[in-house]
Amino acid sequence: MDPITQLKKEMISACRVLSQQKLVEGFGHVSARIPDSELFLITPRVSLALVTRKELLTLNLKGEVVEGNQPAPFEAWLHTAIMKTKPRVNAITRIHARVANIFSVTDRKLEPVHNHGSFFSGGVPVFHPPDLISTPELGAAVAEILGEKPAVLLRGNGQVTVGGTIAEAVMMAIYLEEAAEILHGALQIGAPIPLTANESARRREEALPPVDLERAWKFFKNRAESS
Amino acid sequence: MDPITQLKKEMISACRVLSQQKLVEGFGHVSARIPDSELFLITPRVSLALVTRKELLTLNLKGEVVEGNQPAPFEAWLHTAIMKTKPRVNAITRIHARVANIFSVTDRKLEPVHNHGSFFSGGVPVFHPPDLISTPELGAAVAEILGEKPAVLLRGNGQVTVGGTIAEAVMMAIYLEEAAEILHGALQIGAPIPLTANESARRREEALPPVDLERAWKFFKNRAESS
Amino acid sequence: MDPITQLKKEMISACRVLSQQKLVEGFGHVSARIPDSELFLITPRVSLALVTRKELLTLNLKGEVVEGNQPAPFEAWLHTAIMKTKPRVNAITRIHARVANIFSVTDRKLEPVHNHGSFFSGGVPVFHPPDLISTPELGAAVAEILGEKPAVLLRGNGQVTVGGTIAEAVMMAIYLEEAAEILHGALQIGAPIPLTANESARRREEALPPVDLERAWKFFKNRAESS
Amino acid sequence: MDPITQLKKEMISACRVLSQQKLVEGFGHVSARIPDSELFLITPRVSLALVTRKELLTLNLKGEVVEGNQPAPFEAWLHTAIMKTKPRVNAITRIHARVANIFSVTDRKLEPVHNHGSFFSGGVPVFHPPDLISTPELGAAVAEILGEKPAVLLRGNGQVTVGGTIAEAVMMAIYLEEAAEILHGALQIGAPIPLTANESARRREEALPPVDLERAWKFFKNRAESS
């Protein structure tokens, strides 16, 4: 299988995993950089549960569709801004995780308290304007708030996660919601014990070696395919 | 397919979507105006998970069955009152969403904090008498409380949502429960940040253009059919 | 179909509905009086998800197995005590509903706040000793606490619901958990508004006419069969 | 079937039950002592939803793989430490139960309030360092904290449960999460009433006679197989 076909296949797997986990319901997008190019693939305005490999669009960093038969997503600017400014990011998910969304509409910071939350050490940044990211300026602003973190909350409007690979971006989405669920539950019964910066650093090293990332990714792909 | 058959097909889709989302369990009704007429279609006293196209009743605005072999629903007056007084409403759902119901039995107002909640700006009105809407007077009273809003909570007794199309009425039901879930979760962990009137207005415009409504409706119909 | 076979079939439906609703997981029992007799049918020590019609036991009011190849349940005394003292009760469920169980282990009374909760007006009684109901004395004590109510909570140990028919006993189990879920959710966000005694009485009349009970029962049986 | 094949089959059942209950998602391990030996079986670095009988590893008490084609799990030391010091333990689960995990990251003790929680009388001990158990020293430290209890929480990192049989270790995992869910729910609505030491002792005797353990195990195996 040629690399682009392989990448597209991986993107469709990502779409199905995010749907099966209910991290998207009807909306949301996934994008992935085409290696050694100024181009990236992105899902069109189609549910991630239903989108097919042939429908994937190829965009350049100006947000123009260079291949594909559908218009670019409203929020294409979010993806171009991140792809342009963050060379280590090769994949992006744009999701609507329920419990992470709850944190974004309160004054409560989403901080890690458990091992798979360690990627979010220091707390997940929040982009406060509740608008769709439909202009280059809004896209650049989100990319700046994201910084070098793996995720950003858009107030009342879902989340963005990024990774060096599609698998990593999707696992960040899954771990983000897991971190939110555990902190949400903890806040209801007592004083949560956050991971210290040191503990987070150590746990992060342990929790995402390539072998474990692959193991988790394989598990979630299998669950999505057999559901 | 003739327009009435098409409308009936859409109604059955609505019934299945509401069942699959557990917004109804055994009870509930869906109705839809027959265009350019004084008549509307309504589901009989049959679970929305099980009702068939042939069982749909045709009622006039006096609540009389003009076509169909079953008695009108107990709450037919709810539907006639809304159909009579709100010409822009062409479809109604009568549901029992769990978390929205929780708000109706407390002193807490259901106000939007997230983008898909923006339709409910200013808060969802509550009809306080806990009775079934089984008289013309009760029907008229609910229609008045509903006003120009897309939804009304019936205390301890479910909800009513309306729309210009069946798809819109169903999506209002789904977004109502989503708005309730997110506010419920937010209230447990901190101070919720409501959308301002301005933010709501802007988000409402963005969140329900016809293309997005169709995308969401297609997603939920597909989920219901494949479940 | 002869009446006993019909009754056994209905019992197996009840077992499957309670399993599908997760009101039992591995444990629990259902019993039903044989009309015009001093005998009743009861499930043996077998999961309600798995028990078959042929395995059902026939017991007399002394708790003796008069037909069937398995020993009586540990808690047979619970069923004999209720069957003996409450002639209007023809069916019993012994379940472990999660949220209702939560109320039983706190100082908080489970009182109805919504229409389908109206059957539990005045609050659901609690039997405080956490023991299995494995003696005639414990059985009699539970029957006394139950009184003329449709349900009783056994502290930390599940619940008992009763009805004039199998369908009614099962619907009481489903409505009990629904009432618990709604009150539990309400307590987390504000001051719950209980139904007054008058409101409950009126709602109870409206909410369980035979036509509606049949409609709900048909819905849940269909869901269990198709799951 | 020879005893080792039988044991391996039971282990795979345990893996599937834990997956189906979502007590593991991608990660986690199960181990079981080979009777009358210094050896035990353990799952390799493969999701418990996917692992096959042929992939099971045989380890000695020094953590060396004596049979099998994959490397030992990172946390093999956890299993060797417990197997070495606790002769009555013949099976171990290493899980990531969601609600039990929530307790581990707060100052709130997980104490039993309901009958199936009675096994955890006195509260579930917590191992505070958030590290993976990847050295003999950490393994020994967890084994010491576990003591004679059936479960230990690893702060923010899941749990360990043990039993005299595979079925018992798995049921302890299921009852641990059940105990956590009920206490979590109780803490949200009022003052939980813990089981006294006496009540726990009595309930423990009643709740896990071999016949009931078998009944529950059979139920969960059936659910996992038919899901």
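Each chain carries a letter (A, B, C and D) given by its place in the written order, and its residues are counted from 1.
In the analysis below, a residue touches a chain if its C-beta (ideal position, glycine included) is under 8 Å from a C-beta of that chain, and two chains touch if they have at least 3 such contacts.
For clarity, every value in this text was computed on a predicted model and none was experimentally measured.
*Asks:* What is the Cα-based rotation angle between copies chain A and chain C, on a 0 to 180° scale and rounded to a multiple of 5?
*Replies:* 180
*Asks:* Rounded to the nearest whole Å, what is the centre-to-centre distance of chain B and chain D, using the mean of the C-alpha atoms as each centre?
*Replies:* Roughly 46 Å separates the two chain centres.
*Asks:* Report, in whole Å, the distance between the mean C-alpha point of chain C and the mean C-alpha point of chain D.
*Replies:* 32
*Asks:* Two or more other chains touching the same residue: where does that happen in chain C?
*Replies:* 188
*Asks:* Which pairs of chains touch each other?
*Replies:* Here the touching pairs of chains are A-B, A-D, B-C, C-D.
*Asks:* Over in the complex, which chain A residues touch chain B? Could you list them?
*Replies:* 25-27, 45-47, 49-50, 98-99, 101-103, 105-108, 130-132, 134, 155-157, 184, 187-188
*Asks:* What residues of chain A sit close enough to touch chain D in their complex?
*Replies:* Per the touch definition, chain A meets chain D at residues 113-115, 117, 181-182, 185-186, 188-193, 195, 199, 202-203, 206, 211-212, 215-216, 218-220, 222-223.
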